[in-house]
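Next come two complexes built around subunit A: one with subunit B, the other with subunit C.
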Partner chain A sequence: MNLDMYNPFVIPFAFGVVILFVNLAIAFVSWLYRLDKVQRRQIGKNIISFKTLAAIWEAIRECLFHRNIFKTNPILGYMHFSLAFGWLMLIVIGKVEAVAYEGQYFTNPWLAIFFRFFEDGRDYPYKEVLTFVMDFLLCFVLSGLLLAFIKRMYSKLLGMRKTTKHTPSDRVALISLWCIFPLRLLAESSTAAIEHNGGFLTQSLGNLLAFLPVEKFVTPLWWAYSIALCLFFVFMPFTRYMHIFTEVLLIFLRKWGVIESQKHTGYTDIEINSCSRCGICIDVCQLNTAAKINDVQSVYFIRDVRDLSLDRHIANNCLLCNRCVQACPVGIETTMIRQIYRYKQGNEDIPFYEYINTSKYTEGKNSAPILYFAGCMTHITPGIIDSMKNIFDKADDKYIFIDEDKNICCGRPLRQQGFLEQAEVLKEKLTSIIKDSGAEVLVTSCPICYNSFANEYNLDIKVLHHTQYIKELIDKGKLNLSKQDVKLVYHDPCEISRGNNIYEEPRIIINSIGNLHSTKNEKDDTLCCGGSLANIELNTEQAALITSQTLDVLTKPNPDFIITSCPLCKKTFTKNCSNNKILDISEIVSRNI
Partner chain B sequence: MQHFDTIIIGGGPAGLEAAARLSKFDKHVLIIEKDPALGGKLLLWDKLFPDFASSEELLHQLIENIKNDNVKVSLNTGIKEIENEGGLWNIIDNHNNKYSAKALLLATGFDVFDASRKEEYGYRIYPNVITSVDLEKILSGEVSHAEPKKVVFIQCVGSRDEKVGNHFCSKNCCICAVKQAIEVKEMYPNSEVYCFYMDLRMFGESYEELYRKAQQDYGITFIRGRVSEVSPTYHGQVQIKAEDTLLSRPIRLTADLVVLMVGMEASEGTVEIGKKLQIGGNYDYFKSKNQHLADNLTYLDGIFVAGTSKRQMSIPETMKDAAAAALEINNYLN
Partner chain C sequence: MKFGFSLNTSRTIDLDKLDKKKQESFTDDIPTFKRCFACGGCAATCSAQQHTDFNVLKCNLLFRRGEFETLEKELEKCMLCGKCTLVCPRNVNTRAMIIKMRRTLNTKTNL
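Take a look at the complex of A and B:
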């Protein structure tokens, strides 16, 4: 250690760094320790594979360049980018500068941080370039900081409706973060006033300061800079800024195939701590934009889970529409975490659904290659069932209608409400009905059931939503549709759009019947119909606000019919709109064969 | 431009009764009716509760009352524009005729609830699910129907139902179902008739008696419980799923004919004019100035309202309301 290069003001900084790394180590180890078996197995399986390389690339892209935020909101993206990338480069180039100055690789660890103070004016390689670059980087970071400041003051200016509320430790960290770079600028400039070692920025400012008694406050400024760093490092692990490090870990785990399980695990903590509270999820949530409920969105939910202050109503007040998940630049599975927090302990003494006799439904009907499962919601829109029957007949496809007697539910609504054990019983029963049938394809009319069969069941037969099935029939030439001169729009139901990516099939079908017009919110940006079974907190007026927001978008092009492919969406829309105008895709197909 | 003392929009019971009264006060009246015939929703009913009076006869009488020089009728006429100009109301109709009057009476009435919006009941999907309006045609003999063995009435279709956005009670369907159930029983004495209700609101004169008669003399079964869905059976019947909320038991019932007692909603014309003049209130019905004191007045000078364009009313109530409106208008004109 070179004691010429030491001043007591580096102590707070050094102390902060040590505390930060101890805290980080404790947090990371405890999270990883609390992963469940499946999650650990995933890591073991994929850690040595290309997935790791992909994760490195993604970490650079997201944590340094914040590409996803850029895509949603370029100004916000720049803000994150300048702070993250700029700061890192200040450290890296600072180190390069220190190495160049000392002429050896090992320098005092703080030298890069407080370089201008210790530099004595002697020449070293690339001196001018490095000084310029360092000033430039400082400028870059300060510009981001300025944006952050403006965002805080006029959050609307950046297109955000609302920024998030802060806890006390958040506030300390925030204020110290805001102080770090201005203090660094002042400290370096005052040193430049005396030593004339600044760059274009610090020297110019230094020249201005030279008229003041700079000698008196130059050391205190370096002290203040160091203390600001110390405060930020000490508080950071307990604030949203923890996301800076956690997100990297999250990216790796996700790339290795780790997903949320049904209980709170270390992975849940990692997800929660990866939220930067950017607030993007507030803006896309219809509970906010239509129903004017603005304290339940993912960012608040995650904050409350993290602070152990979660109110059950917040966990429940969500449509599970996944709009926020789609928009979240970090890709946090907030809806999965909500489901974890909706868990309701069942009474183990009471057996569930014993009365369902699984053998009854397919007995003696083993001949059909197709199973049709309408789903509970479809049973309240019997027009869809009628149309599907017609389509099966016209295509000459034999099928078994397994829930014709409305005997069984796929279990997803229960699961969404946290009745996992009950849902599990239904899943087993229905799985055995499906397995025993010997069929090869399962067709369902309900996106909720589809989501459940495709992602929650482990079925070894092909699962199709009826949009996919009809599209296959058209491809095979089994259905001949006649094209009419009608104006149609399509509403993508949440459960088959985001996450299941069924976007093209319905559009191809609709275009072979009429003229499909696009709407403002379509495909993965689709809105919720307002009828979501996942939200039991909303009252009917609030739900109606969501419905009319969505209908407004759909009726904008003035279509003859609004087509959807979900019985629940259809049913919900008819509350505000004549039933003659809203059709399920199967109905319009059935009418045009 | 033709000038009248009063223009009445809507030629149903309210419009006709008000016109008759105003003509007696020697006022010149124009009735504008969008349909090809006078009578409004009266034309949809064969017999009226609670006394099984013939609606045809009633309508005949109402029309007789307006046959005088003071009343002119314009059928097949819609309204394009309503405007106030210097205290006069100017109207342009869809044939571009222009009229003016000092007073306008809005008697644009109600529409029956579109039962296909409650798709779970299968209206327009299963042929044996019909509405109370369709049933009238069977009862009058206009439409024939195979003799049903089991008939189920479902009350409150489109009324008192948050799911369709109508929280209000349509008021007339309870007693109408009692009337129709008796008529079905008279037409098909061997049939079993069931009626699912939430409450039975027998508010009018001799309604309660008729309800008792339906049970005691006709053996009609009233079950308290809301029907959740109707589905087809293999034998071309329909099955009803409901809960008997008095016995707290789920029930299923198979029927040959299901009658949906459709509620009342503000009519298209009511909604349209309400928006144009900004006098719409709850559920798009017209809003009167004061329910107790000035129920035929609106916040606009010279605009009067009567009948079911304001809220749900029975026919006798409608007629009284129209008579009251005529009196108000007469005062206003003098």
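Take a look at the complex of A and C:
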């Protein structure tokens, strides 16, 4: 190591790097320490497996190339790509250059960063090529920076409705980040003006600057460059730029099978710190596009959680429709984090629901292989219950209608509002009822219940939504459907589509009854019906705006009937639609057998 | 002889002594609370009502009267299933009303 390669201006940079890594170490250790048992077990189980290789590949793809952002918005993707990949390459190639110059692997740690200043004009291997590549990379980064600047000033040009607001520490980090590369360009160019050691970019600019008294300001420029780096590194762990490092950790944990738990853990903090504030979640949210509420979306929610300034109205004002989760290039489970914060709004620890007598449910009923659980919502759309009864009878399947006269909620609405202990009580009660029945299959008509039974309950019997059940009946030849010449569209309910990937079954059923037409937002891009039980902040008028946005999309192909497979969607649509064109899938099946 | 009737124990609710703050902050949050015309639709459809004497209408009344202790016990019975909100002809956000009542009354609320 050659200690002559030193100038006091490297001190701010070195200081910044040390502070940054100390901060990162503290944050990473404390997050990992606060993972819960299940999450740790997942890591232990998968850390030595191919999943780790897959994680490395994904980290490269997402953190350096930003493939997901590219897919949603190519310009935004290029911006992130040039800054992330370009900067990394500047460091890597800078190091290569330093090694080539020194002729040994160990060089001063800052030599790669301030190379042009220390280089004394002597020849070293691949000098020309390396100089060219370094200038090219600087151009590349500067082009991304230009886009970032345009994005901040005129976000619409980049296809974004609105970009996010900043906290003071964000602003310091942002300004220092924006200064780093222009300062580097100026510093290298002025050095090139004196030493004639620049590349196509720095030398040309240096020649332009040569008429100025460059000697006077070349060292101050290197100082400024170093200070900008220092400020950025020091502030970075307290700003959104923390995502640069956290996202890598998140990708690894996720590949090892760690998922968000229902309570706040270190993983929640990792997710929160992985948000790059790209703002992609803003434009997919119907609260923004239909109801004109634009301060509650995931990006703002996460920002407020980070800044410890979360307002309960923001935590509660969300449909939990998962459109933003689907769109988020980082894959942050923001809806789960909202539920965690709803839980934090306070919970009572008293016995609940002692009035529910579980023995009443199966008493006096003959055993049967199928258990039908209609669910609360289905009870206010009796047409669905009648149709299901008809379908069971026509298919000659024996069933127990478990909640025919005594309703009990599956617990998901409670869970969504953060009442976890209460939901647990209902879960235990229902589990014992289901176990006592001795049935092998549980059929439910409500997607909310389906989501609960399939993902929250550990039932040892098969759980089917009625779309899946009807599809099975068709496959077995138990139902004879007659195809009509009717035009139908299908609305995917959030809870079974994005929630559980049930896309094909309803489409197969509908296609055997009529002609299914596609709509603009279908499958995982489906819109919310507006009736979501998850949002207690919306007023009726705002909810109606969401419903009509969704109905607009569904009525576009001018269908004879709009088919859905959720009693809540059906009820919400019917309330807001003048003609009687909304049917549940079980109803149209029942009419055609 | 039993007539099936009995006298209520006498009790007084002094509305002047009520601390109105809780009701006021609540009404700002759920303005539809005031729209209820006591038709009872919510109570009739309620899942919890099929098991117990729970009644959404009564919760509303208890809250207005400031009988918070009784109310707290009542509110625990709701399963938040949402049927009441969907059937209400006056678009009262009954479910939000119950959740907010729970949180207004709960001293442990920390957000």
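Just so it is clear, the second predicted complex is superposed on the first by the 578 of 593 C-alpha atoms of A that agree within 3 Å, B and C clash if a C-alpha of one lies under 4 Å from a C-alpha of the other, contacts with A are read in each partner's own complex, and residues count from 1 in each chain.
As a working rule, a residue touches a chain if its C-beta (ideal position, glycine included) is under 8 Å from a C-beta of that chain, and two chains touch if they have at least 3 such contacts.
These numbers come from a predicted model, not from an experiment.
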| item | value |
| --- | --- |
| Fit or clash - subunit C, subunit B, common subunit A | clash |
| Which superposed partner A:Cys139 touches (first subunit B, second subunit C, both, neither) | neither |
| Which of subunit B and subunit C A:Lys406 touches, first, second, both or neither | both |
| When both partners are placed on the shared chain, which of subunit B and subunit C touches more of subunit A | C |
| First, second, both or neither for A:Lys571, with subunit B first and subunit C second | both |
| Which of subunit B and subunit C A:Tyr353 touches, first, second, both or neither | second |
| Which of subunit B and subunit C A:Ala14 touches, first, second, both or neither | neither |
| A:Asn580 touches, of subunit B and subunit C: first, second, both or neither? | first |
| Contacts of A:Ala100 with subunit B and subunit C, given as first, second, both or neither | neither |
| Touching partner for A:Val214 - first (subunit B), second (subunit C), both, neither | neither |
| Subunit B versus subunit C as contact partner of A:Gly383, first or second or both or neither | first |
| Common interface residues of subunit A - those touching subunit B in one complex and subunit C in the other | 379-380, 406, 540, 571 |
| Touch list for subunit A against partner subunit C, complex | 310, 312, 315, 341, 344-348, 350, 352-353, 355-357, 376-377, 379-380, 405-409, 411, 413-414, 417, 419, 426, 531, 533, 536-537, 539-540, 568, 571 |
| Contacting residues of subunit C [partner subunit A, same complex] | 31-32, 45, 47-48, 50-52, 76-77, 79-83, 86-87, 91, 93, 95-96, 99-100, 102-103, 106, 108-111 |
| Sites on subunit A touched by subunit B in the complex | 379-383, 386, 406, 540, 544, 570-571, 574-576, 578-580 |
| Contacting residues of subunit B [partner subunit A, same complex] | 114, 116-117, 119-120, 122, 125-126, 162-165, 229, 231-232 |
